[in-house]
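Chain lettering (A, B, C and D) follows the sequence in which the chains are written, and residue indices restart at 1 in each chain.
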């Protein structure tokens, strides 16, 4: 196996031993799956969003690829907290990665109750997925739609856990800077951005049917990189808490862009489809070479686009 | 010169002699430029958004290409209504295309006053650009952000012109269906969708500067196709007035998707960069072949994805 | 990012064979595609999507053999000529049909689909090819019978007595292994069949390749629903074909799989 | 959509020549690019972006010659070695330097930049190449003087008397045309120079190619700021090189251009 590119990046109270976070919903069903991604290079892993109540998710097709990315409406399928805890235990045992439990709830209360069930879970941080666009009809507008809504969830759960609390934000509502600020003010320890864009739709030109069973699905992959960079840039301008920056990152130049915009670590989802899980170690190696060539420290890179 | 693929498509009170509308802001500065696009295949042309007051636009770079499209912040540069009227006169003289004057205003009143200046213009329709994302800092949130704001502009201008009134909507605010409906209820005769997505940002990894002078710019091109298709789908569900569907259309399959989603005619902007202005005639020819092969009428195709 | 095989395209059904229990659907996907035995497609019929191995590919004509099992496949076996079906693929890796000279192929149930394609491919390549196929009943293996006389050896087994040999195909392994020089085996079928076969083969020390089946939500290596325990490999993107040397390190092989929600189900 | 030439990439300035009135900046863009005489780059220096023809391309080293004119170029001529500059290109079409045997090249002002590159290209290709270059003053054409002795004929003209020949380069056309067999001409420079040249050439009936300059906002064929009246062609994407047979149909050639806002300015 190739040598892993190690480092040490402070992210609030957490320390990443390698750069690169596996985005929620990607290879995040089983513990061995997530551990394998970590052991092949990722510094952090996020499990598929879990909820207190078991959820079925949407019927297939749930992913449809287009030339510049994909649309997905996996829906929030969840096997419940207990099953996920067991899987995350495996990640802890088999890897040294930062473990982030993504949590979803249809109501503020469900968010809190789910987090309470995670009390004894062997995890490093909790990510509030308040931005899933694929359940809009089921749950109305996501909480990430406004500063008030977003902070109401953070406030509701803040006292239920001592773990660092990340909030996953959506690019689909105006004013992401203000929304991030409201989360910070309510006690969030970090921001993850961005969730998928749109949603979008693809239609088969022979059957005339929308290609996803859910008809619409969030857009991810290379198509959304500029949107992710701009959102991370706006968030960095508004808050002091660290950012996991993701959305279309597919190669090391993309990662540099999102870090220069303000991300403390980069995240990857869709690029795993193109390049496999080896993409993390590849990008981490290339970032190191780049820093060496430019003779700058990683920390200087974070948000550097704001200083120019 | 290649033979143009003619047809006859009713769009409210207008009739397009060829499918395909040149999007606003693309090759829409001079009359000869727009006439040339029409004479090489487009059935309708839209001029660069004009305003009563002369505007300078942003300094270069105003366009930056990425792998899946481009970001632009040309800004609303305008030579004023009189100059544009002269240019549109040329289009009328040299082509048989539907001529759409795109109008921009910083305030409702500026919209109305600009339209009043178009009273004697030799045009077929007016498009209200209430969705430009590149002037947000200058003019706050675009009017396309909500049903109330959008309809306030339509109401303000409705009595100032007898021409068909189109409203150009933005994909960057939730509930485009409701926004379109509010425009329809206030007297709009058609919807153009979508304007650019985001905005986005690209950062140079050596200079660390945002690549556009304006820092951010709206995303267009292949990257946004699924978002355009979904928005057109949502609008079609909500209104009876016809739609010019655009956003990422680059080949005939894309055009079919956007028509199946509900567009009466398709529009093209960014694809001109990849394929030149010949793209309209090429797509129109391929649509005809496709209709012949499937033995269906063009009218049946419009919104067909909703019937399945 | 021009991985066009990942993008679904719809094709007309141009031919149908089999019966309502098991159909083979044919599509004209054109010659530009290079499809190899072991690879599969996500097949989307009326917005129901499932993975299926390729059972036939010749002159641009793709064949997919579908056994009626549950909800989706019950609809699919009733598809009609002229209907459009969404195909995403070819996906995944393929059997190694080039490194060796002499192959024994085992196909159990509709696992015979990729085995059938592999056998034809091997004969085209001038390789030695021995085949054992097992099915519940004769009609289910009928579509493969043009192999008879064209491969170096073939024997069919059925659970009932509609065929020549009642019993499990695994009972035929010893005969072939002892009679012929076999360099490598390729297996596809129910995991119980495959684990039994592997036990039978334990004394022979041959190379073994196994085509795996797991619940697949995406087919393109991103959702995580098909990942094998311990080894952390994705059946859809790192497989579906695995060398037994890799697979034997998986704690779930032959023991359990997961349902659509990721819940473990014992075999 | 993998049109990578349309995507801006930043390169380090590795060498600088000329003075503060006119600089040539050199970049190592690598050998994979195929850059042809007549093509141009959008050059982005500290978020000021303008189009510039290629004046040099050899072994992956690109040279861009910048005359100080206004706001952007005043900054650019002060760029330092080691600084990064954003380059988008190569853009546009190129001179036809293959169809003929014997070329007369005319470069006026910084229009000598692509002419210089074209001359080197032609000699590499073993073609006959005659050159007339005009400039305000000698220092502005200095960067091209390694052509002397390497092309079949070259003569420099200056507005002042710093050079050998005071006067307009157009005054040299008759001499060359009468003395040598010229198949085709390539022109780049101020439009007044080019229209004068065309008048001079009216009796010769040769092929003429003209590299045009217009205000460019995007450089990639989308914004419409560079479109020529009547003919509706984009200088950036359909040009910058046009055959005179096409260009003579343009009502603006030699008469006017437009400013950044699209307002007509007479020459």
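Definition applied: a residue touches a chain if its C-beta (ideal position, glycine included) is under 8 Å from a C-beta of that chain, and two chains touch if they have at least 3 such contacts.
Fair warning: this is a prediction, and the values are worked out from it, not measured in the lab.
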* To do: Would you kindly say which chain has the C-alpha centre located farthest from the C-alpha centre of chain A?
  => D
* Would you kindly tell me how far, in whole Å, the mean C-alpha position of chain C lies from that of chain A? => 35
* Taking each chain's centre as its mean C-alpha position, how far apart are chain A and chain D in Å? -> 49
* With chain centres defined as C-alpha means, what is the inter-centre distance between chain C and chain D in Å? -> 62
* To do: Between chain A and chain B, tell me the centre distance in angstrom, where each centre is the average of that chain's C-alpha atoms.
  => 34
* Structure fact -> Among chain D residues, those touching two or more other chains are 1-2
* Structure fact -> Multi-chain touching residues of chain A, meaning two or more other chains, are 66-69, 205, 207, 209, 222
* Asked: With chains as vertices joined when they touch, what's the shape: line, ring, star, complete or other?
  -> line
* Would you mind giving me the full set of chain pairs in touch? => A-B, A-C, B-D
* **Parts of chain A lying in touch with chain B, wherever the complex brings them together** => 66-69, 71, 141, 145, 171-174, 197-203, 205, 207-210, 215-216, 219, 222-227, 229-230, 233, 253, 256-257, 260-261, 290, 304-305, 307-308
* chain C-facing residues of chain A, complex -> 25-30, 32-33, 35-37, 39, 48, 54, 56-57, 59-70, 72, 74, 77-79, 83, 204-207, 209, 211, 213, 221-222, 250, 269-270, 272-274, 276
* **Of all residues in chain C, those that touch chain A in their complex** => 1-4, 6-8, 10, 12, 42, 44, 46-50, 72, 84, 86, 88, 217-225, 227-234, 237-238, 258, 260-263
